[in-house]
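Which chain is which? They are A, B, C and D, in the order written, and residues in each are numbered from 1.
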Amino acid sequence: MHVNVRLFARLRELAEAESLTVEVPTPATAATVWRALCVTVPALTPFERAVSCAINTNFSRMSQPVADGDDVAFLPPVSGG
Amino acid sequence: MHVNVRLFARLRELAEAESLTVEVPTPATAATVWRALCVTVPALTPFERAVSCAINTNFSRMSQPVADGDDVAFLPPVSGG
Amino acid sequence: MLAVTRAPLSVDALAAEVEASVRTRGEGCGALASFLGVVRATHQGRAVRYLEYEAFDALALKVFAQIQAEAADRWPGAALGIAHRVGRLSIGEASVVIVAATAHRAESFQVCRYAIERIKQIAPVWKHEFFEDGEAWVEGAVVNPDDEAARARALEIACM
Amino acid sequence: MLAVTRAPLSVDALAAEVEASVRTRGEGCGALASFLGVVRATHQGRAVRYLEYEAFDALALKVFAQIQAEAADRWPGAALGIAHRVGRLSIGEASVVIVAATAHRAESFQVCRYAIERIKQIAPVWKHEFFEDGEAWVEGAVVNPDDEAARARALEIACM
(Lines give C-alpha, C1' and ligand atoms only; values in the text may rest on other atoms or scores of the structure.)
Protein backbone atom coordinates (compact mmCIF):
# COMPACT_ATOMS: atom_id res chain seq x y z
CA MET A 1 0.00 0.00 0.00
CA HIS A 2 0.97 3.63 -0.37
CA VAL A 3 0.96 6.34 2.24
CA ASN A 4 1.53 10.06 1.84
CA VAL A 5 4.39 11.30 3.96
CA ARG A 6 4.69 14.92 5.04
CA LEU A 7 7.95 16.32 6.37
CA PHE A 8 8.71 19.54 8.16
CA ALA A 9 11.61 21.82 8.98
CA ARG A 10 14.98 20.07 8.97
CA LEU A 11 13.44 16.75 7.90
CA ARG A 12 11.89 18.48 4.90
CA GLU A 13 15.23 20.04 4.02
CA LEU A 14 17.14 16.77 4.36
CA ALA A 15 14.59 14.94 2.16
CA GLU A 16 14.42 17.90 -0.21
CA ALA A 17 10.66 17.34 -0.28
CA GLU A 18 7.73 18.44 1.86
CA SER A 19 5.69 15.44 0.79
CA LEU A 20 6.38 12.14 -0.87
CA THR A 21 4.69 8.81 -1.39
CA VAL A 22 6.11 5.77 0.39
CA GLU A 23 5.27 2.17 -0.37
CA VAL A 24 5.02 -0.22 2.60
CA PRO A 25 3.80 -3.81 2.97
CA THR A 26 0.42 -4.45 4.68
CA PRO A 27 0.04 -4.41 7.67
CA ALA A 28 2.24 -1.45 8.56
CA THR A 29 2.65 1.05 11.37
CA ALA A 30 4.01 4.58 11.40
CA ALA A 31 7.36 3.00 12.36
CA THR A 32 7.26 0.85 9.22
CA VAL A 33 6.71 3.99 7.16
CA TRP A 34 9.57 5.78 8.93
CA ARG A 35 11.98 2.92 8.26
CA ALA A 36 10.96 2.77 4.60
CA LEU A 37 11.47 6.52 4.42
CA CYS A 38 14.96 6.22 5.92
CA VAL A 39 15.90 3.74 3.21
CA THR A 40 14.98 6.35 0.62
CA VAL A 41 16.49 9.24 2.60
CA PRO A 42 19.26 7.83 4.83
CA ALA A 43 20.06 11.29 6.19
CA LEU A 44 16.85 11.09 8.24
CA THR A 45 17.97 8.05 10.22
CA PRO A 46 19.63 9.94 13.12
CA PHE A 47 16.27 11.61 13.89
CA GLU A 48 14.52 8.36 14.81
CA ARG A 49 14.62 8.96 18.58
CA ALA A 50 13.54 12.60 18.34
CA VAL A 51 10.80 12.34 15.76
CA SER A 52 7.09 12.61 16.52
CA CYS A 53 4.34 11.42 14.26
CA ALA A 54 0.83 12.40 13.19
CA ILE A 55 -1.52 10.24 11.14
CA ASN A 56 -4.23 12.14 9.28
CA THR A 57 -3.61 15.23 11.43
CA ASN A 58 -3.80 13.33 14.72
CA PHE A 59 -0.76 12.84 16.92
CA SER A 60 -0.01 9.13 16.93
CA ARG A 61 2.47 6.71 18.41
CA MET A 62 4.98 5.14 16.06
CA SER A 63 3.31 1.78 16.82
CA GLN A 64 -0.02 2.95 15.39
CA PRO A 65 -1.23 1.05 12.27
CA VAL A 66 -1.50 2.97 9.02
CA ALA A 67 -3.91 2.30 6.16
CA ASP A 68 -3.56 2.74 2.44
CA GLY A 69 -3.80 6.41 1.50
CA ASP A 70 -3.15 7.70 5.01
CA ASP A 71 -1.29 10.97 5.54
CA VAL A 72 1.66 10.34 7.83
CA ALA A 73 3.57 13.36 9.09
CA PHE A 74 6.95 13.19 10.82
CA LEU A 75 7.86 16.07 13.10
CA PRO A 76 11.30 17.01 14.35
CA PRO A 77 11.57 18.65 17.80
CA VAL A 78 9.48 21.80 17.82
CA SER A 79 10.49 25.41 18.46
CA GLY A 80 7.38 27.53 18.20
CA GLY A 81 6.36 30.43 20.39
CA MET B 1 -0.36 82.61 53.96
CA HIS B 2 -2.40 81.01 51.20
CA VAL B 3 -2.02 77.58 49.67
CA ASN B 4 -3.78 76.10 46.65
CA VAL B 5 -5.62 72.93 47.52
CA ARG B 6 -6.46 70.30 44.90
CA LEU B 7 -9.05 67.65 45.58
CA PHE B 8 -9.85 64.46 43.72
CA ALA B 9 -12.62 61.92 43.34
CA ARG B 10 -14.95 61.74 46.32
CA LEU B 11 -13.15 64.58 48.11
CA ARG B 12 -13.68 66.78 45.06
CA GLU B 13 -17.35 65.88 44.99
CA LEU B 14 -17.85 66.52 48.70
CA ALA B 15 -16.13 69.90 48.45
CA GLU B 16 -17.90 70.66 45.18
CA ALA B 17 -14.57 72.01 43.95
CA GLU B 18 -11.48 70.57 42.36
CA SER B 19 -9.35 73.39 43.67
CA LEU B 20 -9.70 76.08 46.28
CA THR B 21 -7.52 78.49 48.18
CA VAL B 22 -7.05 77.93 51.91
CA GLU B 23 -5.60 80.43 54.36
CA VAL B 24 -3.39 79.06 57.13
CA PRO B 25 -1.13 80.70 59.74
CA THR B 26 2.66 80.53 59.30
CA PRO B 27 4.32 78.07 59.97
CA ALA B 28 1.97 75.36 58.69
CA THR B 29 2.13 71.75 57.60
CA ALA B 30 -0.06 69.75 55.24
CA ALA B 31 -2.00 68.69 58.33
CA THR B 32 -2.68 72.34 59.17
CA VAL B 33 -4.04 72.83 55.67
CA TRP B 34 -6.19 69.72 55.95
CA ARG B 35 -7.71 70.85 59.24
CA ALA B 36 -8.42 74.32 57.83
CA LEU B 37 -10.02 72.64 54.84
CA CYS B 38 -12.21 70.51 57.09
CA VAL B 39 -13.49 73.65 58.81
CA THR B 40 -14.62 74.94 55.43
CA VAL B 41 -15.88 71.53 54.25
CA PRO B 42 -16.83 69.47 57.33
CA ALA B 43 -17.94 66.55 55.16
CA LEU B 44 -14.24 65.82 54.50
CA THR B 45 -13.44 65.20 58.17
CA PRO B 46 -14.10 61.42 58.17
CA PHE B 47 -11.40 60.99 55.49
CA GLU B 48 -8.56 62.16 57.73
CA ARG B 49 -7.18 58.67 58.40
CA ALA B 50 -7.42 57.56 54.77
CA VAL B 51 -6.14 60.65 52.99
CA SER B 52 -2.75 60.97 51.34
CA CYS B 53 -1.07 64.19 50.46
CA ALA B 54 1.15 65.67 47.75
CA ILE B 55 2.87 69.03 47.91
CA ASN B 56 3.79 70.54 44.55
CA THR B 57 3.31 67.16 42.86
CA ASN B 58 5.47 65.28 45.36
CA PHE B 59 4.04 62.77 47.77
CA SER B 60 4.47 64.21 51.25
CA ARG B 61 3.76 63.32 54.83
CA MET B 62 1.04 65.30 56.58
CA SER B 63 3.76 66.63 58.90
CA GLN B 64 5.62 68.27 56.00
CA PRO B 65 5.81 72.10 56.13
CA VAL B 66 4.04 74.09 53.43
CA ALA B 67 5.01 77.47 52.05
CA ASP B 68 2.94 80.35 50.75
CA GLY B 69 1.64 79.56 47.28
CA ASP B 70 2.26 75.79 47.50
CA ASP B 71 -0.03 73.38 45.73
CA VAL B 72 -1.32 70.87 48.25
CA ALA B 73 -3.28 67.91 46.92
CA PHE B 74 -5.32 65.57 49.10
CA LEU B 75 -5.92 62.09 47.73
CA PRO B 76 -8.58 59.62 48.85
CA PRO B 77 -7.76 55.90 48.62
CA VAL B 78 -6.89 55.06 45.04
CA SER B 79 -8.51 52.61 42.63
CA GLY B 80 -6.64 52.75 39.37
CA GLY B 81 -5.66 49.85 37.16
CA MET C 1 6.10 55.05 27.27
CA LEU C 2 4.12 56.62 30.11
CA ALA C 3 0.77 58.27 29.58
CA VAL C 4 -2.47 59.41 31.14
CA THR C 5 -4.90 59.88 28.31
CA ARG C 6 -8.54 60.30 27.37
CA ALA C 7 -8.00 58.33 24.16
CA PRO C 8 -8.66 54.58 23.76
CA LEU C 9 -5.65 52.46 24.66
CA SER C 10 -3.70 50.25 22.27
CA VAL C 11 -1.44 47.40 23.29
CA ASP C 12 0.06 47.30 19.82
CA ALA C 13 1.09 50.96 19.91
CA LEU C 14 2.61 50.74 23.38
CA ALA C 15 4.29 47.39 22.60
CA ALA C 16 5.94 48.89 19.52
CA GLU C 17 7.27 51.78 21.59
CA VAL C 18 8.53 49.53 24.39
CA GLU C 19 10.10 47.02 22.01
CA ALA C 20 11.92 49.77 20.13
CA SER C 21 13.30 51.19 23.37
CA VAL C 22 14.95 47.92 24.36
CA ARG C 23 15.79 46.36 21.00
CA THR C 24 19.44 47.25 20.98
CA ARG C 25 20.00 47.00 24.73
CA GLY C 26 21.75 43.99 26.28
CA GLU C 27 20.20 40.75 25.09
CA GLY C 28 17.36 42.70 23.48
CA CYS C 29 13.71 41.95 23.71
CA GLY C 30 12.35 38.48 23.01
CA ALA C 31 9.30 38.61 25.23
CA LEU C 32 6.60 41.20 25.74
CA ALA C 33 4.01 40.57 28.41
CA SER C 34 1.09 42.91 28.60
CA PHE C 35 -1.87 43.52 30.82
CA LEU C 36 -5.15 45.22 30.06
CA GLY C 37 -7.66 46.14 32.73
CA VAL C 38 -11.09 46.01 31.13
CA VAL C 39 -14.48 47.38 32.21
CA ARG C 40 -16.70 44.47 33.22
CA ALA C 41 -20.44 44.31 32.59
CA THR C 42 -21.17 43.56 36.22
CA HIS C 43 -19.56 44.35 39.55
CA GLN C 44 -20.56 42.37 42.62
CA GLY C 45 -23.80 41.44 40.91
CA ARG C 46 -24.75 44.97 39.87
CA ALA C 47 -25.16 45.82 36.18
CA VAL C 48 -22.59 48.41 35.12
CA ARG C 49 -23.62 51.20 32.75
CA TYR C 50 -20.19 52.78 32.42
CA LEU C 51 -17.19 53.90 34.47
CA GLU C 52 -15.38 57.16 34.89
CA TYR C 53 -11.71 57.31 35.75
CA GLU C 54 -10.09 60.38 37.20
CA ALA C 55 -6.36 60.92 37.74
CA PHE C 56 -3.97 63.44 39.20
CA ASP C 57 -2.19 63.41 35.84
CA ALA C 58 1.12 65.02 36.73
CA LEU C 59 1.57 62.91 39.85
CA ALA C 60 0.40 59.74 38.10
CA LEU C 61 3.13 60.19 35.50
CA LYS C 62 5.69 60.56 38.28
CA VAL C 63 4.36 57.41 39.93
CA PHE C 64 4.57 55.48 36.67
CA ALA C 65 8.18 56.66 36.32
CA GLN C 66 8.86 55.50 39.87
CA ILE C 67 7.42 52.06 39.04
CA GLN C 68 9.62 51.96 35.93
CA ALA C 69 12.66 52.75 38.08
CA GLU C 70 11.69 50.11 40.65
CA ALA C 71 11.32 47.54 37.87
CA ALA C 72 14.65 48.49 36.29
CA ASP C 73 16.27 48.12 39.70
CA ARG C 74 14.87 44.61 40.26
CA TRP C 75 15.01 43.42 36.64
CA PRO C 76 18.00 45.08 34.94
CA GLY C 77 17.45 45.55 31.23
CA ALA C 78 13.67 45.31 31.41
CA ALA C 79 11.59 47.99 29.71
CA LEU C 80 8.17 49.00 30.95
CA GLY C 81 5.39 51.06 29.42
CA ILE C 82 2.22 52.18 31.20
CA ALA C 83 -0.78 54.08 29.89
CA HIS C 84 -3.85 54.81 31.98
CA ARG C 85 -7.06 56.06 30.49
CA VAL C 86 -9.26 58.67 32.13
CA GLY C 87 -12.76 59.90 31.40
CA ARG C 88 -15.80 57.83 30.56
CA LEU C 89 -15.28 54.17 29.64
CA SER C 90 -17.81 51.73 28.26
CA ILE C 91 -18.04 48.03 29.03
CA GLY C 92 -15.22 46.15 27.30
CA GLU C 93 -12.93 49.17 27.08
CA ALA C 94 -9.48 49.12 28.65
CA SER C 95 -8.66 51.38 31.58
CA VAL C 96 -4.98 50.55 31.77
CA VAL C 97 -2.40 48.96 29.51
CA ILE C 98 0.98 47.77 30.69
CA VAL C 99 3.71 46.34 28.48
CA ALA C 100 6.86 44.75 29.90
CA ALA C 101 9.70 43.75 27.62
CA THR C 102 12.57 41.48 28.60
CA ALA C 103 14.98 39.16 26.86
CA HIS C 104 13.22 36.03 28.17
CA ARG C 105 9.62 35.29 28.98
CA ALA C 106 9.63 34.52 32.71
CA GLU C 107 10.80 38.02 33.56
CA SER C 108 8.33 39.72 31.22
CA PHE C 109 5.42 38.24 33.16
CA GLN C 110 7.02 39.23 36.47
CA VAL C 111 7.62 42.84 35.47
CA CYS C 112 4.11 43.19 34.08
CA ARG C 113 2.53 41.72 37.20
CA TYR C 114 4.70 43.88 39.44
CA ALA C 115 3.60 47.00 37.57
CA ILE C 116 -0.12 46.35 37.90
CA GLU C 117 0.22 45.56 41.61
CA ARG C 118 2.14 48.79 42.18
CA ILE C 119 -0.33 50.83 40.12
CA LYS C 120 -3.12 49.58 42.34
CA GLN C 121 -1.10 50.49 45.43
CA ILE C 122 0.20 53.96 44.61
CA ALA C 123 -1.10 55.47 41.34
CA PRO C 124 -3.29 58.53 41.99
CA VAL C 125 -6.19 57.29 39.87
CA TRP C 126 -9.81 56.82 40.93
CA LYS C 127 -12.61 54.71 39.54
CA HIS C 128 -16.21 55.86 39.67
CA GLU C 129 -18.71 53.15 38.83
CA PHE C 130 -22.11 53.96 37.39
CA PHE C 131 -24.63 51.14 37.76
CA GLU C 132 -28.16 50.68 36.53
CA ASP C 133 -29.23 51.35 40.13
CA GLY C 134 -26.75 53.87 41.49
CA GLU C 135 -23.10 54.84 41.54
CA ALA C 136 -20.04 54.40 43.73
CA TRP C 137 -16.49 55.60 44.03
CA VAL C 138 -14.17 52.65 44.44
CA GLU C 139 -11.71 53.22 47.25
CA GLY C 140 -8.83 50.81 47.46
CA ALA C 141 -5.37 51.47 48.81
CA VAL C 142 -4.35 54.43 50.96
CA VAL C 143 -1.35 55.73 49.04
CA ASN C 144 2.00 55.54 50.75
CA PRO C 145 4.79 55.37 48.17
CA ASP C 146 7.39 54.92 50.93
CA ASP C 147 5.65 51.82 52.29
CA GLU C 148 8.35 49.19 51.79
CA ALA C 149 6.04 46.42 52.96
CA ALA C 150 3.62 47.17 50.12
CA ARG C 151 6.45 47.18 47.62
CA ALA C 152 7.75 43.89 48.99
CA ARG C 153 4.25 42.43 48.69
CA ALA C 154 4.06 43.48 45.03
CA LEU C 155 7.47 41.89 44.40
CA GLU C 156 6.37 38.71 46.10
CA ILE C 157 3.18 38.51 44.02
CA ALA C 158 5.14 39.18 40.83
CA CYS C 159 7.74 36.50 41.55
CA MET C 160 5.68 33.76 43.14
CA MET D 1 -9.47 33.06 18.30
CA LEU D 2 -6.97 30.53 16.93
CA ALA D 3 -4.85 31.19 13.90
CA VAL D 4 -1.73 30.31 11.96
CA THR D 5 -1.08 33.20 9.65
CA ARG D 6 1.48 34.85 7.41
CA ALA D 7 0.16 38.30 8.35
CA PRO D 8 1.60 40.51 11.11
CA LEU D 9 0.07 39.85 14.51
CA SER D 10 -2.01 42.30 16.51
CA VAL D 11 -2.64 42.06 20.24
CA ASP D 12 -5.43 44.62 19.95
CA ALA D 13 -7.33 42.59 17.35
CA LEU D 14 -7.01 39.31 19.25
CA ALA D 15 -7.81 40.99 22.57
CA ALA D 16 -11.02 42.44 21.13
CA GLU D 17 -12.05 39.01 19.91
CA VAL D 18 -11.22 37.29 23.20
CA GLU D 19 -12.88 39.99 25.30
CA ALA D 20 -16.07 39.80 23.23
CA SER D 21 -16.20 36.03 23.61
CA VAL D 22 -16.22 36.19 27.39
CA ARG D 23 -17.96 39.50 28.08
CA THR D 24 -21.36 38.05 28.93
CA ARG D 25 -20.09 34.85 30.52
CA GLY D 26 -20.03 34.40 34.30
CA GLU D 27 -18.30 37.31 35.99
CA GLY D 28 -17.18 38.60 32.60
CA CYS D 29 -13.75 39.80 31.71
CA GLY D 30 -11.90 42.34 33.81
CA ALA D 31 -8.36 41.28 33.00
CA LEU D 32 -6.58 40.46 29.77
CA ALA D 33 -3.03 39.22 29.96
CA SER D 34 -1.14 38.86 26.73
CA PHE D 35 2.19 37.57 25.58
CA LEU D 36 4.15 38.38 22.45
CA GLY D 37 7.19 36.44 21.35
CA VAL D 38 9.43 38.85 19.47
CA VAL D 39 12.39 38.30 17.13
CA ARG D 40 15.55 39.41 18.91
CA ALA D 41 18.48 41.10 17.19
CA THR D 42 20.94 38.59 18.60
CA HIS D 43 20.82 34.96 19.62
CA GLN D 44 23.61 33.55 21.79
CA GLY D 45 25.85 36.36 20.63
CA ARG D 46 25.19 35.91 16.91
CA ALA D 47 23.66 38.75 14.90
CA VAL D 48 20.26 37.74 13.55
CA ARG D 49 19.28 38.78 10.02
CA TYR D 50 15.77 37.35 10.11
CA LEU D 51 13.82 34.25 11.11
CA GLU D 52 11.54 31.90 9.28
CA TYR D 53 8.76 30.05 11.03
CA GLU D 54 7.16 26.96 9.58
CA ALA D 55 4.08 25.20 10.92
CA PHE D 56 1.99 22.12 10.29
CA ASP D 57 -1.00 24.46 10.11
CA ALA D 58 -3.88 22.01 10.48
CA LEU D 59 -2.27 20.20 13.39
CA ALA D 60 -1.14 23.45 15.03
CA LEU D 61 -4.74 24.67 15.09
CA LYS D 62 -5.79 21.39 16.74
CA VAL D 63 -3.02 21.81 19.32
CA PHE D 64 -4.09 25.37 20.06
CA ALA D 65 -7.66 24.09 20.55
CA GLN D 66 -6.33 21.42 22.90
CA ILE D 67 -4.48 24.08 24.91
CA GLN D 68 -7.71 26.11 25.05
CA ALA D 69 -9.55 23.07 26.38
CA GLU D 70 -6.83 22.37 28.95
CA ALA D 71 -7.01 25.98 30.12
CA ALA D 72 -10.82 25.93 30.33
CA ASP D 73 -10.57 22.75 32.37
CA ARG D 74 -8.13 24.26 34.87
CA TRP D 75 -9.51 27.83 34.87
CA PRO D 76 -13.27 27.64 34.29
CA GLY D 77 -14.61 30.73 32.55
CA ALA D 78 -11.25 31.78 31.12
CA ALA D 79 -11.01 32.61 27.44
CA LEU D 80 -7.84 32.08 25.43
CA GLY D 81 -6.78 33.24 21.99
CA ILE D 82 -3.62 32.15 20.18
CA ALA D 83 -2.20 33.29 16.85
CA HIS D 84 1.14 32.08 15.50
CA ARG D 85 2.84 33.70 12.58
CA VAL D 86 4.69 31.78 9.87
CA GLY D 87 6.98 32.85 7.06
CA ARG D 88 9.76 35.38 7.23
CA LEU D 89 9.97 37.66 10.26
CA SER D 90 12.22 40.67 10.80
CA ILE D 91 13.80 41.74 14.06
CA GLY D 92 11.19 43.22 16.37
CA GLU D 93 8.28 41.38 14.77
CA ALA D 94 6.06 39.09 16.81
CA SER D 95 6.02 35.35 16.15
CA VAL D 96 3.20 34.49 18.53
CA VAL D 97 0.48 36.38 20.33
CA ILE D 98 -1.51 34.94 23.21
CA VAL D 99 -4.41 36.66 24.96
CA ALA D 100 -5.98 35.27 28.13
CA ALA D 101 -9.12 36.83 29.56
CA THR D 102 -10.46 36.19 33.04
CA ALA D 103 -12.61 38.01 35.56
CA HIS D 104 -9.63 38.82 37.80
CA ARG D 105 -5.99 39.51 37.07
CA ALA D 106 -4.13 36.71 38.84
CA GLU D 107 -5.75 34.07 36.65
CA SER D 108 -5.21 36.00 33.42
CA PHE D 109 -1.44 35.87 33.96
CA GLN D 110 -1.60 32.17 34.82
CA VAL D 111 -3.61 31.20 31.74
CA CYS D 112 -1.35 33.23 29.47
CA ARG D 113 1.81 31.72 30.93
CA TYR D 114 0.35 28.21 30.74
CA ALA D 115 -0.46 28.71 27.07
CA ILE D 116 3.05 29.82 26.06
CA GLU D 117 4.62 26.93 27.98
CA ARG D 118 2.33 24.43 26.26
CA ILE D 119 2.92 25.97 22.84
CA LYS D 120 6.63 25.48 23.33
CA GLN D 121 6.05 21.87 24.35
CA ILE D 122 3.58 20.63 21.76
CA ALA D 123 2.79 23.06 18.95
CA PRO D 124 4.08 21.78 15.57
CA VAL D 125 5.94 24.96 14.70
CA TRP D 126 9.60 25.32 13.81
CA LYS D 127 11.97 28.27 13.94
CA HIS D 128 14.75 28.69 11.42
CA GLU D 129 17.28 31.35 12.35
CA PHE D 130 19.29 33.19 9.73
CA PHE D 131 22.39 34.88 11.12
CA GLU D 132 24.97 37.14 9.57
CA ASP D 133 27.29 34.12 9.61
CA GLY D 134 25.09 31.11 8.99
CA GLU D 135 21.72 29.57 9.79
CA ALA D 136 20.22 27.03 12.18
CA TRP D 137 16.99 25.21 12.80
CA VAL D 138 16.07 25.51 16.45
CA GLU D 139 15.08 22.16 17.89
CA GLY D 140 13.40 22.24 21.27
CA ALA D 141 10.88 19.78 22.64
CA VAL D 142 10.15 16.35 21.23
CA VAL D 143 6.37 16.51 20.88
CA ASN D 144 4.33 14.18 23.03
CA PRO D 145 0.88 15.63 23.66
CA ASP D 146 0.01 12.76 26.01
CA ASP D 147 2.98 13.51 28.27
CA GLU D 148 1.22 14.34 31.53
CA ALA D 149 4.49 15.24 33.22
CA ALA D 150 5.06 18.01 30.66
CA ARG D 151 1.54 19.31 31.16
CA ALA D 152 2.00 19.24 34.92
CA ARG D 153 5.25 21.18 34.52
CA ALA D 154 3.48 23.85 32.47
CA LEU D 155 0.78 24.12 35.13
CA GLU D 156 3.38 24.43 37.83
CA ILE D 157 5.22 27.19 35.98
CA ALA D 158 1.94 29.02 35.34
CA CYS D 159 0.83 28.88 38.96
CA MET D 160 4.07 29.37 40.82
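Basically, a residue touches a chain if its C-beta (ideal position, glycine included) is under 8 Å from a C-beta of that chain, and two chains touch if they have at least 3 such contacts.
All figures in this text were calculated on a predicted structure; none of them were measured in a lab.
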Query: Comparing centres built from CA atoms, which chain ends up most distant from chain D?
result: B
Message: Based only on mean CA positions, could you tell me how far chain A sits from chain C in angstrom?
response: 48
Query: What is the distance in Å between the mean C-alpha positions of chain A and chain D?
result: 26
Chain B: positions in contact with at least two other chains: none
- line: Within chain D, the set of residues that touch 2 or more other chains is 37, 116
- prompt: Every pair of chains that touch: which are they?
  reply: A-D, B-C, C-D
Residues on chain D engaged by chain A in the complex (per definition of touch): 37, 53-56, 58-60, 62, 84, 95-96, 116, 119-128, 137-146
- request: Would you tell me which residues of chain B are touching chain C in their complex?
  value: 6, 8-10, 12-13, 50-52, 54, 57-59, 73, 75-81
Statement: So, in the complex, the side of chain C touching chain D is made of residues 10-12, 15, 19-20, 23-24, 27-42, 91-92, 94, 101, 103, 105, 108-109, 112-113, 116, 160
